[in-house]
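Next, two complexes with chain A in common: one pairs it with chain B, the other with chain C.
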Partner chain A sequence: MILESREATKKYGSKTAVNQVSLQLEPGLVYAMLGPNGSGKTTWMKMVAGLVKPTSGEILYQGNPIGKESRKEIAYMSTEPYFYSWMSVADVGKYYEDFFEDFSMEKYRQMISRMELTEDMKAKKLSSGMMAKLKIAVTMARGARLYLLDEPLNGIDLLARDQIMKSILEAIDPDVTLVVSSHLVDELERVADAAIFMKDGILAKQCMVEELRIDEHKSVVDLYREIYGHGGEEVC
Partner chain B sequence: MEYNSSLPIYLQAANSIKRDIVTGKLSPGVKLPSVRELAVAYTINPNTVSRVYKELEMEGVCFTRRGMGTFVTEDPGKVRQLKEEMAGTLIREFLEGMEQLGFSRAETIGLLEEKQSK
Partner chain C sequence: MLKLMKYELRKTAFSKLVLLVITAVAELAFLLGVFLKKDNLLAIGIVFLFMCAVFGVIYIGIESVNVLYRDLNTKQSYMLFLTPKSSYEILGAKILENGISIVMAGVFFALLAALDITVATLYIGGLKEMINLVSSFMEINWSVTFTPAEAAFYFFGLLASWIVYIVNADLSVILSASVLAGKKGSIIAGFLIFMVISAIIGKALDLIPVLQSTELTFVIYIAAAFAIAAVLYLISGWIMEKKLSV
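And now, the complex of A and B:
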């Protein structure tokens, strides 16, 4: 086990964003974190990343509470744009290199060139698809043990999606764990080992996806429909 | 590759490799891509690919040389057997389909012969 969430709860005033979520993540697996907007996916990820403190309950990384040490090994990609607008693609790399010991400039350069970005491009001039690729490149250029990718496929075209999917697949390793959230349930169908369904801040269900197909002849999309009453297409 | 997401992905990927062996796209004894390469090529999870190789190995379609990778069987009998199995599946599905449409076995064979003589 690499991570344990023990009844992790986050309240904002009277609103409970994450409600007693207990789950365990195993190394070497890809978890699809699914659920509509406001179901608690982002808040839970932020707690794991150490950006938000649980109101109650706890989250343990390798047996220890989230903190300075865990942040060195956990890479979090948020949905919010987080580069200064004056930054170039090269600046973004340098910024990450200063921040994270596990960042590899070589890997970053490889990824940006494969994604058809150039080092002189300015962050403020990037299209949403290019920005999504830059975010993935800079996150996956870290040699983290746990990657939390919040909506990496949101709002981008099919080709960019393929490239991002590839980068995610390449990172999979027996020592690495990935949690990928998405509204696009079917995109993660083939890539995820396990699915985590969030609903109104609660962990609604967790399952292994090939077993779901073998034992129940169901796809993740089928199960998503059962839990939420729709296939996730109309949200986003 | 297109998948039916209600069926186990590893079986679908294994079938795709078997088809490549039967059609000669993959020659006997040839080395298959590494787990990682195939995962990226098929956009599927590497753990699923490991399962594909394990399944193919269990069926004797592939074999693993330690530290060298996974290879297609060199046994021509195995390839013939795969071909017959696949033909069997196609014929069974076809006959079932014809039966559902209300054709007797004799009528189906009659139609096939008619098609062939044209």
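And now, the complex of A and C:
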């Protein structure tokens, strides 16, 4: 087990964004984190990344609380742009190289070149599609043990989506865990080993994709429809 | 830590460059006024140099608080808080960079003033006469007498006080973004906390006795100011580490 979430809860005033989520992540697997907007996916990922402090419960990375040490091995890609406005594509790479020992500038350069970005481009002037590519390139150029990718395919056209998925899948390794959230359930089903369904801040379901297919003759898309289309009651 | 400081400097580099350019233009006006004996240029140069020195040092401090506010309340916070650095390191880098910038700016303007006074007295009148003139003016008008050493200590005392108030403002911004986050009037509450702590700091520094040796008094004052800044920093770092969600 690489990560354990023990009844992790995050409240913002009277609103509970994540409610007692308990789950475990195993190394070498790709997890699809699914759920509609406001279901708690992003907040849970931010708690794992150390950006958000749980109100109660805890999250352990390799047995230790989230903090400075875990951030050395966890790579998080936010759905929103977050680079400093003065940064160029080259500056973004330099920044990651300065702070993350596992960052490979060579890999970063290969990825930005493949994604048709150039080092002199200003981050603040990139279109949303280009920005998504930059975020993926700089995140996947790290040699992290756990990747958390929040909506990496958001607002991306079909061709760019293939490029991004290819970059993500290159990281698959027996020692690496990937958690990818997306509204594009069918896109993720092709690559995911396991699925995590979030609803109203609660963990609605966690299951292995292959077991779901063999044992219950259901696809992740089928299950998604059942959970979110019929009030979210547990169905498998 | 040095890498964090490098990026803190980068965030404020533009405004510091603007300050430097305005100072260079004012200095040029001053020197032209001196060499060409143009009183108008000389006066404009002196006024702008004085304003650059005073408002420059003040602005460097205020801008650092603004940068901290942005770093805690916008998505760019991820750039800092995703790095494998503790909150103490992140905040420490900000305070150190800003403290060094304030002291360097202060020393820069003090040296520039010394240089300009020297140049002016060489071309316009005697240096000794000018210093005597300034000293007598201060003594007559404000009953103040300073030796150069005392003036230097007074100057560094002012810079140290300014740094303490900036660290205090940092604490208020951190409280607004963490403990008070999402609550109505969090910014006003943060400002009130700043005012209350500032008043306490003022009272605490007033308790420092005036010794026979003015230099020693200022050394104690500066040490006390830095001790207060260190305490505020530790409290702020602890709040960030335990309570801050970005």
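Definition applied: the second predicted complex is superposed on the first by the 229 of 236 C-alpha atoms of A that agree within 3 Å, B and C clash if a C-alpha of one lies under 4 Å from a C-alpha of the other, contacts with A are read in each partner's own complex, and residues count from 1 in each chain.
Everything that follows uses one rule, which is that a contact is a pair of C-beta atoms (placed from the backbone, for glycine too) under 8 Å apart; a residue touches a chain by one contact, two chains touch by 3 or more.
On a predicted model such as this, the values are computed, not experimentally measured, just so you know.
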| query | Which of the two partners, first being chain B and second being chain C, lies in contact with A:E170: first, second, both, or neither? | reply | first
| Of the partners chain B and chain C, which touch A:E210 in the superposed model: first, second, both, neither? | first
| Is A:G63 touching the first partner chain B, the second partner chain C, both, or neither of them? | neither
| said: A:Y76 in the overlay: touching chain B, chain C, both, or neither? Say first, second, both or neither. | reply: second
| If you stack the two complexes on chain A, which partner ends up touching A:Y84: first (chain B), second (chain C), both, or neither? | second
| Partner chain in contact with A:G50 - chain B first, chain C second, else both or neither | second
| query | Touching A:G229 in the superposition: chain B (first), chain C (second), both, neither? | reply | neither
| task | Could you list which residues of chain A make contact with chain B in one structure and with chain C in the other? | result | none
| said: Taking the touch rule as given, give the residues of chain A at its contact with chain C in the complex, in rising order. | reply: 10, 12-13, 46, 49-53, 67-69, 71-72, 76, 78, 80-86, 95, 98-100
| Along chain B, where are the residues that touch chain A in the complex? | 3, 5-10, 36, 39-40, 42-48, 51
| query | chain A touches which residues of chain C in the complex? | reply | 3, 6-7, 10-11, 14, 75-79, 81-86, 182-183, 242-246
| Partner chain B, residues of chain A touching it in the complex | 28-30, 162, 165-166, 169-170, 172, 186, 189-193, 210, 213-214, 217-222
